[in-house]
Each structure stands twice: as C-alpha cells, then as structure tokens.
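Going by the order they are written in, the chains are A, B, C and D; count residues from 1 in each one.
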Amino acid sequence: MKLLEYEAKDIYRKYGIPVGFGFVISSPDEIDGRIRDFGDEVVVKAQVDVGGRGKAGGVIIAKTADVREESEKMFAKQIKGVPVEKILLEEKLPIEKEYYVSITIDRSRRENVIIFSSEGGVEIEQTARENPDAIRKIWVSPLLHDIPSFMLRNLLGDAPKELAPVINDLYRVFCENDGILVEINPLVTTSKGVFAADGKFIVDDNALYRLGIEVNRDLTERERRAESCGFSYVELSGQIGVIGNGAGLTMSTLDMIEILGGKAANFLDVGGGAGEDRVCSAVKLVAEMPGVKVIIVNLLGGITRCDEVARGIVKAGVSQQVLVRLAGTNEAEGREILNKNGYKMLPTMDDVVSEAVDACKEAAL
Amino acid sequence: MKLLEYEAKDIYRKYGIPVGFGFVISSPDEIDGRIRDFGDEVVVKAQVDVGGRGKAGGVIIAKTADVREESEKMFAKQIKGVPVEKILLEEKLPIEKEYYVSITIDRSRRENVIIFSSEGGVEIEQTARENPDAIRKIWVSPLLHDIPSFMLRNLLGDAPKELAPVINDLYRVFCENDGILVEINPLVTTSKGVFAADGKFIVDDNALYRLGIEVNRDLTERERRAESCGFSYVELSGQIGVIGNGAGLTMSTLDMIEILGGKAANFLDVGGGAGEDRVCSAVKLVAEMPGVKVIIVNLLGGITRCDEVARGIVKAGVSQQVLVRLAGTNEAEGREILNKNGYKMLPTMDDVVSEAVDACKEAAL
Amino acid sequence: MIYGDKKTKVLVQGATGNQGAFHINLMNEYAREVGGFGVVAGVTPGKGGQEVHGVPVYNSVREAMAEHDVTASVLFVPGKVAGDSIMEAAYNGIELVVAITEHIPVHDAMKAIAYAKLNGCSVIGPNCPGTLTPGELKLGIMPAHLSKKGNVGVVSRSGTLTYEVVNELTMKGIGQSSVVGIGGDPVIGQTFVDVVNRFADDGETKAVVLIGEVGGNLEEEGAIAARDAGLSLVTYIAGVSAPPEKRMGHAGAIIAGGEGDAKSKIKRLEALDVTVARKPSDIPVLLREIL
Amino acid sequence: MIYGDKKTKVLVQGATGNQGAFHINLMNEYAREVGGFGVVAGVTPGKGGQEVHGVPVYNSVREAMAEHDVTASVLFVPGKVAGDSIMEAAYNGIELVVAITEHIPVHDAMKAIAYAKLNGCSVIGPNCPGTLTPGELKLGIMPAHLSKKGNVGVVSRSGTLTYEVVNELTMKGIGQSSVVGIGGDPVIGQTFVDVVNRFADDGETKAVVLIGEVGGNLEEEGAIAARDAGLSLVTYIAGVSAPPEKRMGHAGAIIAGGEGDAKSKIKRLEALDVTVARKPSDIPVLLREIL
C-alpha cells in the first residue's frame, strides 16, 4: 500500500531524518495561527497518490501571506483526476543541491538494494537513460541492521559524507516498517543541513497489521470485498469474467482468452479448497461487474471437490452464461449437478476458453 | 574491562530494562533530601568489583531512616580488601521469584550465547552442579539484531513470558555496547513487573574507545604503562623477567621456566617489529619489578633486526643479568654488540631458559 | 531423488491446524503407498503431547528433534510466524524447509531465508505447493495422483498451473522425475537456478519444464542454468495479458517499474534459443519434439 | 596448495600504511622467487592512484576488482575498520581474507566472519600471521626463509611461536606442506578444524603439527578432525604456566570461568591418544617417531 507524502515523512521524522518544518491540513481553517515559522514562502503540496504531481499543479510555492488563499485553490483542484483531500504545508528549504535515494528489494539477490543518484529531482528512469553514470547501487543483506561503512562510501562516491547517516536512517525505516519501496527525491543539501524534501513509501500488504493499518487504501471497494473473502482479485475491462484456483492457472486462463481474441473482465483466484459458499460468492462478485457477458470457472486440484463447486455455481444463479472446467474429486457428480441445472462443463482449459470467446463474439454480432 | 553495578545499570536503563529506583553516592552527604521515594527500606550496595560481595558485607538492607548512618558504616568498610568509594542506594523490590540470565560469546560457535536459569540469586556454576536442568542456553547469530521468538520460547520454558522482552533488551545491550559478559543475577519478578536486581557487565578492551572509556581500570599502573608502550604485559610473582615477541612464544618461554623449576616474574610481549627504543623500554619496565633477578629476552622473527634489539638492551643498562636469544636479520652484528657490552647471547630458547633458571638457583644459594 | 527420498523423515510445523492436519494425512498416505517414512513428527507451540493422524506433536522443533531424526520440514503455520518457524527449523539443523504458508511479510521471508542459508538450510517457498518426487517423497500439498514417474523435471512458480501441466504430461504418457513448486512470492528460497541444478545432478532428469510468470527475472537465470547444465528445456510464462503494477494473485506476480512483463521475458528466453510454449497444452507436444 | 598457489592474485587492504607497504614488498619478493603473481593491487580509501612498491592502489575493493582478478585479500587496516574491510572484501566476491590486524573489537570480528560466510568467503584471523605454502604462496607476514617445502602441515594460534617451530622443523630437515596461523583472538574465522580439513584434502600433507594455547577448546576439536581424517598429529599447547583470568598477550589466550587452561587441554588431548610435546624443541623429535 502506498503512503502519502506526509505519512511517509511522519515515519522519516521518527527515525531522525530531517524533513523540514511543516504540517498537514484537511481544510484551510486548520492553517489559522500556525503559519509563524514558515518565513516568506511556503510550499503547498497536494497529498494525492499521483505520479508527476508537481507538473500537474499539485505543488506550488506561495507567499506566506497568501497561503490560505492558495490552499483554498488547491483544495478545489483535481490533480490528474484525483480530488485533493489533504495538503502538506512546508517551509521552503534553501536548497543547494538535489540527490536521489531509494531502497527496494532485489528479488534475484534476495537483498535490499539502495539506489543513489547525484541527480535528484528528476525521475530515476530518466537519469538511467540520460546519465547512467550518476546512478550507484549497493545491495544490503537483510541480516544487516545497518549499512556497512564501505557500502556507504561506494554509494556516495563524491557526494557529501553528511548524506550517509540519512541514508542509513532511511534503510532502517525501510527494514523496520516493512517497506517495498522507499524513496526520497529530492534529498537535498542546504545551508541548514540535509533534508528529505519529498517522501514516498510503499509498504508490504502482508504486513499492514504490524504497521497498524487496517484498510488497504490501494484497493477499490470491490477489490476490498474480494480480499475479505480471501480472493485475489484484479479488475480489468473485458467481457469474460474469470474465476480460477491458483494465481498461475488463473493468469494462464486470462492469457488464453487474449490469445484467442477475447478480453477478460477480471482476475479472480478463489484460493485453495474452494467450497460451495466461496464459489458462490466468487461467481456473484464477478457477475456484478458491468460488462460481463460470460463467466469462466476453471478449477483444478486435488483438494477441490467438484460437487461442491457445482453446487456453488448453481446457488449463485447469475444471469450470465457460466462455462465450467473442473477436475478433481467427485468429477462425475459435479458434471451431473451442472448439466441438470443447465450449465455446461467442458473437459479442458482450451475448450472452456475457446467456447467463452466464441460466445462473446456471437453476443457482439 | 569490568563495569561496576551502577554503571551497568545506567546502560540497562537506557535500553529500557527496569532497574528500580535508586542513585549512586560518593559520600553520605549526597543522600540529603533524596530519600523520599524509597519507602520503608533501602538496599545499600557497595560498588566494588569483588565476587561474593553480598556475603562479604557489601550489601545490606537498611531502614530508610538509618540510611545515612548505614552508608557511613559502609564507606568505612573494605570489602575483601577493596575500599568502598561509591555506594548504590536502591529501593527494596517486592521480589516474587528470582531468575538468572547472562550473555557471553561462544568462541567455538562464534555466536552470542544466552544462558538462562530459573534459579536466580545463586552463582550459575552452583546451579550447573546442583540442578543442571534449571539451565537453558540458546545461541544467537551476531547478524541477528533481535532474538527470534522461538529462541526466547526455548530459553524461558515455563518461566513467565514477561521476561522475554527484558532478555531481548539485554541482548541489545550486549551487542551494541561491545559486551564480553553481561549478567543479571537475580532477574526478579515482582508485583510491579520485572526488574534487574543486580547488574554485571564486562566490556571488550578493544572497543573501549567506542564506549567513551579512556582508562582501563582493570589494569595496574605498570600494566597501563606497558599498554601505552604497546606491550602485552602481565605481572606474576617469580624472579625471572621475560620479554618475548609474540604471545605464544612468550607464553612458551614462561612454560619452559616452570618446567625447569623456575618462576617467571612477568609476561611481556613487545609485539612485532621491536626496535631499539621499544626493547629498551621493555627491559627497563621488567627490571623495575621487585624481585626480578635475571631477565630473558627471547626474540625471533623475520622483521626483527638483531642489531637494534642488542642496542636497546645495552641502552637500558639495567643492573640485572640479561640473557638473550635472538634470531632474525643481522644476527652476527647483534651478537657482537651484546658480547662487547658483556651480555650473553644464546642460540636456542631451551638454552636461554635453562641458563636463566640456573642463574636464579645459584642466586638463591 | 532431488530434495529427498523414501528415507527422508519429515516434520510438519503447524501440525494441529486444519491445513496441517489435512496434509499430514495426505503426505502419509503417499508415504505408505511408496513405502517411505513420511511425516514422523509435528510441532505446534503449546500443543505438545497431542497426536495428529497418529503423528506425535511437540511444543518446539528442539523437542521434536530430540526424539526424531528428521531432515526436512513442511510449514503450515500462519504468515505472521512463518519467518520465525523457518529460522527455528534452520537453527535446529533441519536441512530443508518447505514453506507452504502464504502472506509472509517479505522482510520476514528475506531474513529467514538468509538465516537459513547461514545455517546450511535450504528453503523451498514460501507460498508454494512443495515438491513431489514420484515413487519417493511428497513434501507439501501437490495432488500426487496426477503425477507419474519419469524423466522430465517440472519446476514452477505456480501451484494449480503446475498440476495442470503435470496432468497434461501424465495424460500424454510423459512421466516426471520430480515436480517442484518454488512459490509465488517476490522473495523465495530455492530459485529456478537452484532447482535446475538439482535436476542436473539427480541422475534421472533428461528435460526440464520451467513454468514462470510475470515479475522478476528468475526465469531467464533458470534457463541459462539449464543450458549450462546441458538439459533440454521447455518453458511457459503465464501473464502475457497481465496489466502493469497489478498484483496477479501471487505477491510476486507484478510487473513493477516497467520490469518483469511476460512478453519481454519470452523475448529474452527466445533470444537464448529456449522453446517457449504459448499455452499449457502445447508443453507435451514441444517436449516430444526435443526429447 | 591449501589456501592458494602461484596463480593466486592477491589484494592488500590497508596498502599504504607502514605495515601494509612493508609486507606488500616481502610478499612480492616471495612471489618473484617462486614465480607467482603475488600482490597485484592495494586498497586504501582516499589514496587511489598511488603506487606501493609498484603495486597500484585503489580507493575501494570494488575499484580494484574492476581492474584485477584477485581471489584473496590480506588485511593491514587498523582494528577499528577491520570488520568493515572484511565485509567489503566478502561483498566484492573475494574468497579468502587473511586478517593480520589485531585489536579488532570482538563483536566486529564475529559479525564480519558471519557476513563473510554468508557470502562464501573464508576468513583467516584476525590477529594472525597468515599462511605460507612453501614454493607457492605467502599470504601475510610469516618469514618465508625459515620454511622449507615438505609434507608436514603446521597450524597455530600463534605467530612467532609458529616461526620457532617451523625453524626447528626446517633445521631438522622436516619440510612443511603449508603453515597456517589462525590467529590469537577469541573469535577467529578458520579454526583448527577447518585448516586440518584443508590439510586432509591438499594431497601433500602426511602429518600435522597443531600449536595451541590457553583459552577456548578449538584444539580438541582440531585434534578430533585430524583423527577422523586419518592424519598423524603432534600438538603443543602454550600456557601451562598461565594464571587464570589473565590475558596472556593474545585476546583469546585467557582461562575464563575455569575453562581453557593448558593442563586440562593437554589431558583431553592425551585422552584422544594425541601426542603432546612438552616444549617446542620436542616437536621434530616426536614427529620423526610417528612419520
């Protein structure tokens, strides 16, 4: 789950990373009486999860005297279609130079990887294209609680040594708060020291409970409902609803739809041991999606009981056509239940997908 | 270097280990106006580095009203010959049960080893003899910043779970402060929670600089002087002074003295690349020790220049007989310098030791 | 024999939960069928002294190890404690941990896998179906009846998709030397490379089926290892239709930062002259061609 | 060949200090004598671009590795930074670090050795003279002229005492396969066991001289390893006269908590039927008897 800038900075601050004076507001009224410490100018930043926020008008520098007015304007905006619900007001830092630092997980090496660039303030992908030599990386074993000195030396190169402790603090933020990605861009040097001028933090969805986060804001309402059922669910834009068990099998079903010229409406992995009720909920959830014309249920496995699955499909009783491919225990009974209720059970994945794609094409004619 | 109880507890406190209310005094006057929070009774503890301090009268429980008087008495005492310079006054804890915990380094496994016993308040060696089943051990990799939960479960067995966080905090004390041995005996449960009722902490002499300790109090004045010269030096009680290069060679020289019936006065390893001045200082230092009748200089190695060593011995010009065994560069020149100045150079370690032992025996006749 | 054989004695951590108990029974059914030891002990803290399908349960791995000579452990504990359980197995000298558990926080997995390595312990998974060596040993939850003894090694990041492929192979008369599900999480212990190297050493495997998906670049590394070991290879990559930045079921199946999409994976595999199947049902056909 | 041979290319970390520069020269003198590569690069942060006795110096191991194909490193850096330097070598793929440095904080040594292990790197030392394989390779500070090629392996916790023994052996016509000083610190990387196992595998060593001292119990473990490997063994333990709780020069040479004194070590070795020499000069005599 992505944290907003001010949330990331709250964590940075706890770890001693300087973030500059500032506070977050939910309405212009909250500014009253709190603007003393800003100096002449204030940075007004919309707290929206949007890439390229600055260019989209989500960050402006206002005269301190105008901050209320500018905040009101900002609250009225939508940044790339996202309404502004919170604004972070921050002191304007006397920036000398901008750097980039991020930490993520290197799946292949199974270590934390720290990426540093002496060219901050631009996206790292752009630096990678235009000036790859400005980028340095080090890999830190998950068993290390601190970054060894030699790594920090290698990472920083000629950049000021005073950045080192901030990067080490950020490493602790990352490791101790279940980070998937943490980024400071720009990390700035000023006459007052080093500051994190921006803050990005994506946390591990599997560890939200440890971070005291109850609701995963990255999910749509329907995705959240799917999650509470224990489904893995992704919304797409086609007409063929897909229910599978196992991520790989479900993905593969989606791929075959595409190969045969169809378009999937969603990805839904019901998980292991799908019983009557789970299958019923899954079918209903997918049927609810606008535009779904036909639904594929593709379940395979040792544990899955085909009769239960069949009963779940029948129980859901959705209006769309449901094409079923089942393999497991009690296959014959399952087929009987489905046939009796007017559902079609097909022997292979190839069959069920090709029939679904054909059905959609027919419907479109 | 060993820390005193109050110093150990100062560190414990920083890591959140509850140590009970108390303070340290250097004179009874420092008590004035500070005894409010003690309740009826106060524990008066002499801060001396002495085993079996309690039995030797170094720990008493006083009525709070009498604390000044009892402190005066304590300051007047010597505990096993050690004068009392500081006293720790502490609240008396309502102890329910006593446990033992210590952490040290397992040289063979190269890991931290944590020792826990459900029988606190007695020495662990005694528990090991009398009730070995009460003792549990776990080994923690130096790369682990915290003790894994399963280890704490294994360690505690049936002991209260509330001890676990305290043991983890103690592990951090140990790792982050260069511990060689840290011990809480007893670690107590009370109606107010868990407390470290005593505190022992030996720190790594090689890391004193990191702990802000400038003087190693464990050394005698002469040992400290030797250390400042870069020598490894141990005082013993015999009549043969020993100077060697390398710990093993010097130890071996001491052993041969013992085998041949002599007694060494000291162990002094001058270290690598012994030049004129270092050798001179070493010879003088050893000659200063009371009771030294003869001095062995046993130096061997590729880097050592025998002429320099010879000049150092001559320069020291001590009154005792100095018997020399040298092997290295410029051996012939070294021999010439020594012979010319009335010193004897012998070809082997066996020879030099046997001659020294004989010389002592003669002197004793 | 790749990760064990009939003689392997198995521990189950998280033995008393529904999943644990259910699969202890299935693993031991298979063990009886092939004449192996199977699961000889279980661990659930606080449940020591109980039995699950005749298997004694202990409070800790240490207690279980004191009574049984196990070398492999299968994990069914909840995600929150799975990292700790992997470390417990490794600390006690277990050589192989098969972590079925899903939803392990990735930092826990990373630490536990590194700690296991330090202690000479290999981890399969987490979030994996485990491994099956037909006629020898089942470690985990793979449906054994789909499989048939033979000389094709199957290694996969997926669960049911693996069963699909194994089923296709068996139906076409192609047996398997071993089937290994390495898991769908972003950080896993045994990778394609490790498994391919075990296939190269097992003396049974003639060809390898490698089933990958979007996210990361482990497939390419595995393909190179197979080539270097002289093993024939057919691959399949799930997720050609997966949109970027969406997690496709598996925590590890995500195209992030423009990296790890299926099409470029397939392109890189083909550049290595590796056969890539378009759909699972093509795999047996392609395999016949190269065998 | 035990830790390397003529073809081993060596890095020196802490190349520009007195000790580093001095021993780069001596190591390379030896390398020239035997026709080996010797020290090909040095590292001192901030001193990149300099040369020491003709050897180029770099700012970091990474920079040195980019130019040179080194597999072993010898450390002359100060104790305060030695742990970091070991880790730097291991991180950059160096297989063997010989840490001459003394006064490394023991926690630094412990962490660095564990990290090195995780990265597949072996550490000899710290606080050691290094290793010498006569006619092949010198890594460290041992005086090479005392040594002579042969088939007795010498392994020791000491420095000069080792030279003493090697000198005695050479003078009595007994050559050495390799001489390894494992270091006098309480926590060291390669132990007697590791070195004995290397001797068992090197195809040169017929008998082993094991020189121990007070503190710890590594000698007994090494003796058992030698017995298990079928190597003849003569041991010597320094410190029979050492008082308890006093550190005899080496940080590791301390009889602590009633454990590790020489007399009980000797007793345990003799209980294993191991020959124990009373003094260094007895070693060649005892060796002749068993060879």
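Just so we're on the same page, a residue touches a chain if its C-beta (ideal position, glycine included) is under 8 Å from a C-beta of that chain, and two chains touch if they have at least 3 such contacts.
Quick caveat, the model's predicted, so the values are computed rather than measured.
Asker: Spelling it out: a chain qualifies if it touches subunit B and also touches subunit D; which chains qualify?
Answerer: Of all the chains present, those in contact with both subunit B and subunit D are A, C.
Asker: Can you tell me which chain lies farthest from subunit D, using the average of the Cα atoms as each chain's centre?
Answerer: For subunit D, the chain whose C-alpha mean is farthest off is A.
Asker: Taking contacts as defined above, which has more of them, A-D or A-C?
Answerer: Taking the two pairs in turn, the one with more contacts turns out to be A-C.
Asker: How big is the gap, in whole Å, between where the Cα atoms of subunit A centre and where those of subunit B centre?
Answerer: It comes to 56 Å between the two C-alpha centres.
Asker: Report the inter-centroid distance (CA atoms only) between subunit A and subunit D in whole Å.
Answerer: Their C-alpha centroids are separated by 52 Å.
Asker: Between subunit A and subunit C, what's the gap in Å when you average each chain's C-alpha atoms?
Answerer: Those two chain centres are 27 Å apart.
Asker: Can you compute the centre-to-centre distance for subunit C and subunit D, using the mean CA position of each chain? Integer Å is fine.
Answerer: Each chain's C-alpha centroid was found; their separation is 42 Å.
Asker: Specify, in ascending order, the residues of subunit A that touch 2 or more different other chains.
Answerer: 141, 143-144 - these are the residues of subunit A that touch more than one other chain.
Asker: Please list all residues of subunit C that touch 2 or more other chains.
Answerer: 114-115, 118
Asker: How are the chains arranged in terms of who touches whom: line, ring, star, complete or other?
Answerer: The chain contacts form a complete graph, every chain touching every other.
Asker: Looking at the complex, which residues from subunit C come into contact with subunit B?
Answerer: 45, 60-62, 81, 84-85, 87-88, 91, 115, 118
Asker: Quick check on the complex: what are the subunit C residues that touch subunit A?
Answerer: 22, 26, 79-80, 103-108, 110-111, 113-115, 118, 141-146, 156-164, 167, 184, 186-187, 191, 211, 213-218, 221, 236, 238-243, 246-253, 257-258, 262, 278-281
Asker: Going by the contact rule at the top, pick out the subunit B residues touching subunit D in the complex.
Answerer: 105, 107-108, 110-112, 125, 141-143, 175, 178-180, 204-207, 209-210, 232, 234, 236, 244-252, 254-259, 264, 267, 269, 272, 299-303, 327-328, 348-350
Asker: For the complex, which residues does subunit B have touching subunit A?
Answerer: The touching residues are 141, 143-145.
Asker: Residues of subunit B touching subunit C in their complex?
Answerer: These residues of subunit B touch subunit C: 139, 141, 143-144, 148-151, 153-154.
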